[in-house]
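Take a look at the structures listed below.
What follows is subunit A paired twice: with subunit B in the first complex and subunit C in the second.
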Partner chain A sequence: MASSGNEEQKQPPPETKQSLWLRRAVIASFWAVVAFLGLPVWYKTTAIYRADLPLQDMTAWANGQVCKPVFPLHIAVQAPLLAQDAHHLLHATQQTLDDLSDFPAHQLHLAFAEPPPPANASQQVTADGSGPADLDDTVALSVRLIPVETGVTPRSQLQPFSATLDVYYQLSQIPTQSSTSSPLTTFIAHELHQLYAQERVRLSSLYSDAASQSKSLSPELTAQLQRDATRAFKYAPTYHLTFSLFTPTSSPSAWDIETALRQYMNPILESFAGISNFTIDTQVQLYANFSPSIRQPEYDENTKAWTIFKEDVSGFINAAEWPLSPSIGQGPTINFALYVPDEVQSPLFVKGSRDNSWLVPQWGGVMILNAQSHETTLTKEALVPAMQVFSTQLSSLLGLPQTPASLPLRISTLTRIHATSLLFSASSTLGALAQVYQKMPTIPVPDTVAKSVNLSLAHLRQTCESLRDGRFQDALQNARTADGEAEKAFFERSMVGQVYFPDEHKVAVYLPLLGPVAVPLIMAALKEVKAGIAALKGR
Partner chain B sequence: MALDTRHKAALFAAAAAVRLLLFQAFPFLPDRLAGRVELSTPVSSFKRLQEGLYLYTHNVSPYDGGVYHQAPLLLPLFSLLPDASYYPFATNLVFTAVDLLSAHALAQIADSGHAAATRLFKSSRQGLRWSTAAIVACFLFNPFTLATCMARSTTSLTNLFILTAMAKACCGASATFLLAISAASYLAMHPILLFPPLLVLLYDTRTEKLKAAPNALAFTAVYTLGLILVCGTLLVVSAILSGSWEFLEATYGVRLLLPDLTPNVGLWWYFFTEMFDSFRDFFLGVFWLHVASYTPGLTIRLRTQPLFVATTLTGIFAIFTPYPSVADAALYLSLVPLFRHLFPLMRYTFLASAAVLYASFLGPAFYHLWVYAGSGNANFFYAITLVWSLGLSIIVGDSLFAALRDELDVQRPELRDKEVKRI
Partner chain C sequence: MRSFLSFALLPALIACAHAGPDYHERLLLRPLPQDALLASFNFRSNETAAAYEQQNFGLFPRSLGQILQHAHTKELHLRFSVGRWDADSWGQRPWYGAREGSNGVELWAWIEAGSDDEAFARWLTLVNNLSGLFCASLNFIDATKTIRPVVSFDPEGDHADTSNLHLLHGILPHEVVCTENLTPFLKLLPCKGKAGISSLLDGHKLFDAAFQTMAIDVRPVCGTSGRQCVVEMEQTVDMVLDIARSKRPRDDPIPRPRPIEDIECDTSKSYNAPDTCYPLDKKTEPAWKLTDVFGKPLRGACPLTAAEGPESETLCINAPPERTIHVNTTGQYTESLSASDTLRCYKLPTGTELDLVLPEQRMTTGLVRGQPHLYAARSINGHGQERGSVQAVIRNPSPTDAVEFTYLESLPWFMKPYLHTLRAHVSASDEDPLKETYYRPAVDRIRGTHLELRLVIPPASTLILTYDFEKAILRYTEYPPDANRGFDAPPAVIRILGPFQSADRKGMYLRTTPLLLSLPTPDFSMPYNVIILTSTVMALGFGNIFNLLARRFVGADEVPAAGGLKGIIQAKIQSVRTRFGRA
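Entry: the complex of A and B
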């Protein structure tokens, strides 16, 4: 105070040994808390759990190095011929077919089948001797050779509701042992090649999408593919079908939809059962008005019919007021709207044609039903045209190819296409996940992701095997699971939390709180260490 | 200076009368106060205790529903009393008695004189002290204590056990000390951090009593074992009583992991509402370690004044624990008058008392603005809790400085009353 001001700067007396050690003990106690409790807590609570993923496998799948899908189609040939002749015929046809082939992954294997095929199919002698023993599952097409005496020969007929191609020939057209080709073999080969033309195109386009191989496709084919692709829904294991009846008046107020669906829609749904499942609901909406944005129907004197403008077709569905909810339950919803116009505006067509139905890409189908009699209940018979239109629309909405004429063949084509595209999509999802895993070392990866990835990979392998063996239905099932699991792994919610949290932000999290605490701790420790070193040197 | 019986009886009677009168005159007051976030935290609220009691008496696990976070042994205790919502008198009487018992313990601490003169340290100002009556009155008529009693917060019970543990350590009564500190730790978990300084205090008083120092290591080992034993017994009894160990998660788990972010006067709730989820666990660890790290440092540094260390730690609990309330501050502020001899050395008494007063008046007002009037937001209340914590930290820091200065005066009497500079 007053006296100390006058005195010279006095050095403080040296610290006692006791107080020196006391201070060191205090500093050490704080550091002990930091080191023995703080660091383990820090390590334990900020560690990011990353399950091991089979990255190499995933990348290999994404690059298409593991599996090149092949499509060996086994075609059973039934012919009332001697084994030797038949063998020769098959051999010659196979050779012609192989020469025609422009897409090596898509192979047609001919095999000779005894005339009553299912009974003893297991004792088949196959053309190349490598076909699977059990042909029942894997036969893609049966070719029946039927000898005839009259008519243009050779000619063929495809059974519309079974995978059977009937070929009519004359006995003279059987190739002789010496000749390598005959009109019959060439005909069969070309027929078969033609039959699978569209499938080849679509599969090879999937290939080129996946591996970016440029394939020369004719422009109109590409355009058609594109049109089909934009129309069709993305593949889903389950679709929901909604059938709605709209009428601007109070009648018809009921429709016999259940029996109509059972009779006319169930068969096609059953044939699709191997590809997707379907759930159905129906509804009736009375006093359903057009949306105000479209023009009211006009009466056309020439055709004696009411017409709506072609441009208004897209706005025909009054999305704001008609209860067509976008998605009910799981899977996408396919809507089918049946519009029964007012009696005074009937019949109603699209202007410039007598079209009364159209397809809305990736949404569903619409049909205007110009009923003959205006009763309050639409009978099953009255619904027949609607059901026919809707089933055609459903086929193209599900991506069913237009050709060939046989439904089982088209469905099996669709099976192969979906299996392949799911295989590619699952592979690329896994590849993307592998990239995310490698590029973002800060995101946590829970065990469920690893589990899904492994499951997906296992199913992918099975898909590939099934495709190689020609078991396309199995392949689709496996590819479906593989794709589902891959998506589940990729979109795991707990992984995204940290994505937008770069490492630099951690400084901002740690510093404001820990900085002020750490500075005195570190300074005190440094001072003590310095003093300790000085004392050691001074000794 | 010991409190004579007549004075004591008069003081306690007056305190009891004030409490019972308040309970009777303002029957709405207990419920009103029990709803205040400043007094009732999720781990001490009387309303939540009543909820737990209801479930308990209806044979449902009291921890179902996640409302009740208090010790299971409180339930059989309070279920003996008539329902507080219809016959509050018995409950009021219990809480009044708890306060009186706490005051009794505080009187014992004051009478022991350990605040200013311990075995190894005699303050140069030890003559400067308030009478026991004044200290007890400071506790009994402190508005914070009164409010806590009216709100019937179970922190009162924790405070009782902490004060009893201190008193018993001052008297050298080892068994009751162990029971009291275990009960306090069992009820509120963090009082276990008071064990080291109070053990040192007990060691000193035992040494004085026996006139010979017991073996320090053996002494520590025996009492630590004793603490583990008593706490373990309490936990096992709780488990048997509630039928499972789920109470651990619901009571201590809640204190450790802070799932309930109801506002309180502490610093944690706001911080953890803003925290990134991925860092939540880490900062919970940091905050708890921060609270815990004071115990060893202070105990080592102020080895000679263990009662002061324990007092300072109660102050730190009132600031840095996850669910502090005014009741914790009331405990600390009632213990501070024991150290009257340090007051002349404290430099910021005005600032600290102003901050605490400012916060106690503006806190409820800002909470009202935020929650009821809607014209403020959470920052209003948080700012005022910061001021409150600042006021308490000033008292804690200033008294620590004063204690060290006092120690220096003893070591180097020639520096007394002179300005010192930290080097």
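Entry: the complex of A and C
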């Protein structure tokens, strides 16, 4: 307002070149301090350490580009035949097998094994289930061809406690040199194909891409597999087994569980020893009623028994009061609950059947034991039905396939399934970690993560090799380490913290300082640049 | 005639040969002066060492057993306590204080480990797991709250090899003990509060008590002759109930005055009138029954207890012989008298409820209360936010015996005692009562002070122990949300070494009350204020210097015409004015 009337304004004396340059130098040096000292210090102090991860490799594994697991099963054929005949037989059978194959990754390789000395052929299979000693451990199954005179031929018999298939045939069924197939070769091929049917289905379902899904699979079988898969626990190197005795009254207050477990549970656990370790603990809980949320048992006049409703079975476990906390230490806990009903409500069954046991998927098994005598101690004999039920439940909880009839075969199938699923799970964990690394630039990644990732990758490679060579036990060991390391890397604790300090937060804290400092700096620089440009134009 | 029964009888009654897995429980009721009632619950279960090692848990709870094995803990003592034992009117403590804890949570354990570091790592595992099991903040027992006492605690169990056992001790004085701690406690019992004396335990009454302490003690016990060892777990609950208070119905807990007709008035008072009354003390024992006092009926015996013998008598009441006690039950029970008829024990019926009914009665005899061997009180003196001093007053009532005891202090690191100011002074004598000192100074934020003293107090005299301390200033984030409430300093633990000896290896203890330490508390908006203030100061300084250096100074009349922001705003104002002028 004051200047409105003042037409003539005094101009300041022209600036000397020296003072002009001095001012420019001052501003430039301030900016230099900001740019060369302030920003690097800021960057350095707020930088987050991120170890280098082999992201390419990790993603490649996750996408399944590195390793397509294959399962070459070596099958030793023992036959009292001449080498030439045997070779021909094998060749023909192999051809039939290859024609039957609907899942290319799963290959059966027949090989001729020297027949053992005939004198003790019948005692070849030792009681503990181990196969003939001269076979190396890559042999998945040995087929013994035994010539017989009588009975329906060819016929086969699978040894329940060893990986041996006995095939009985008549000498006339040996294929001649000229023929490419004979009833015997077709029979053997079909038998072998059938033997591994379930394994193929489960392995191919792990592959999960629809292309390799077996076409021959019936919907019922798929449903069955689906059910088995949801029941079973995720693979763990160690499982804790907890056997609990619950009773709503004060008796029985003790049980002879130690000897019962030793006799009925230890053998099955020993056969699983190659896959997982087990710890066992037991407890007795008195005055433990089942959950009050379910309907009380009803007396059924027809069967002279108390019944609980089938729908209530899922709520039977009284999670609030029964001390079924997981065991301490790594690995999941499998619970086996033995419920001895009150004397006045005994016998107790599930309505509509005489069933008194059921399986809780991924948790454990429950059995109602209707004791004959109401003693205070349950004897080993009284526990036999419970132990049988629990061992069956344990097998399905561990994901043991239901066929074939031979236990070693089923366990080796389980080894391959676990190795494969661990391989896939470790790969996808690594893939997820790679994604997290790329998507969240603010999380710190310590060196231990990189170490774990590299270890995991190395073990994955070894797993793949072992699978290719048919060393499935090795494959499982490696896959286990790989998965463990991958999980360790993914769940590294120090990677979580920094996420909660977003950049906005830092800006909010520093703005009161940086704002007032930055404004004069920027304004001065702008003004000087403007003046400089004007001076250049004016010249 | 006055009869006397000390609490020493109780352990003697319960002690028995340890053979295999067995279970014992006993409730001792004892009327105390001022209409109070002491209820001492004791539950003891055994498991053979072999079965325990193999994790075949029968009577021993699996959840606790697994934790102890996982943490390699050989002996465990855990206490949850609320309230103060009023020794002046209630006399000797139950169990001679051996089953009592300091206010809040106290835990000490013997842990097997090769080195101190390993022992501490296992200790952390133990406290974290127990924290989950008992729903308590035990996980806050960290290095700053952990000490390794030297003389105050001895193992109660039989340990084969004590060379690699490490004793660690931690106290949480601020922990609020409540119902959520009782529920897991009851779950550890074989009869789970569904039968036996544990059916009387109810959270509402227990935590309403004037004093209550819950204890869990696990120790290995080996027979004198053979190698037969058992792992013994003892659970103890001691509570002092105010009978009048606990008889109030739960749905109407507000105390109401009785109608004036029912009250006997002191007519000698000058203000006595039809509507004014000073009630006379009736001098009678109050009427009570179990169901009223505990709020729950006693649901018969736990069938796991012995069927015959003194072990089967699980309910005992310590009252003068003349006190009338009616037993109200439909089942079979037996009553037996012992200790010159002052102790009446009942064998409970199985499956049916039992109630004891005691009518109101004017008594001519009473029980002699056992006198405590020591009385102790501790307080903080001084003023200001920088320094203070602690004074512990310990009194020996015995006219004949000098008492030797240890005094253990576990102080938080922010309460820094000056050891040179430590004075122990006995009123009657000039002899220095302080015999030995174990001291481990605190390290800021790493460990607390551990001070252990061995003292002797002459007969009928009072010992005054004082020391000064400095209050540390905490970091901003180290304050709890309720910083102005103050900080709790754990109670001192006093163990009587002699001449009195307890019959077993439990020892005789008493504990003082915890202290409330007020530390200087900052204004918690301070960091933001500091940021803003320093930023403003720095920005001002920077702006001035920068402008001095980078501006060109000209004469006031040489300033170029208003341009820039100022000019734009002036032009805007001008245009608005002209528009308004037109309108």
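In this text, the second predicted complex is superposed on the first by the 429 of 539 C-alpha atoms of A that agree within 3 Å, B and C clash if a C-alpha of one lies under 4 Å from a C-alpha of the other, contacts with A are read in each partner's own complex, and residues count from 1 in each chain.
Here is the rule we use: contacts are C-beta pairs under 8 Å (C-beta built on N, C-alpha and C of every residue); 3 or more make two chains touch, one makes a residue touch a chain.
Please read all numbers here as calculations on a predicted model, not as lab measurements.
Contact with subunit C, but none with subunit B, is seen for A:Q283 once the two complexes are overlaid on the shared chain. In the superposed pair of complexes, A:S251 makes contact with subunit C only, with no contact to subunit B.
In the superposed model, A:G38 makes contact with subunit B only, not with subunit C. In the superposition on chain A, contact of A:F30 is made with both subunit B and subunit C. Within the superposed three-chain model, A:T46 lies in touch with subunit B and out of touch with subunit C [touch as defined at top]. Contacts of A:F103 after superposition on the shared chain: neither subunit B nor subunit C is touched.
Partner contacting the larger number of subunit A residues, of subunit B and subunit C: C. Overlap of the subunit B and subunit C interfaces on subunit A comprises residues 1, 12, 23, 26, 30, 509, 513, 517. Here subunit C touches subunit A in the complex through residues 21, 51, 54-59, 61-63, 66-67, 70, 129, 187, 190-192, 194-195, 302-304, 531-532, 534-536, 538-540, 542-543, 546-547, 549-550, 552, 554-555, 557-558, 560-562, 570, going by the rule given at the top.
For subunit A in complex with subunit C, the residues that touch the partner chain are 1, 3, 9-12, 15, 19, 23, 26-27, 30, 242, 250-251, 253-254, 257-258, 279-284, 286-288, 321, 323, 325, 327-329, 509, 512-513, 515-517, 520-521, 524. Contacts from subunit B toward subunit A in the complex involve residues 276-279, 281-286, 289-290, 292-293, 296-297, 300-301, 303, 417-419, 423.
For subunit A in complex with subunit B, the touching residues are 1, 4, 12, 22-23, 25-26, 29-30, 32-34, 37-38, 41-42, 44-46, 497-498, 501, 509, 513-514, 517.
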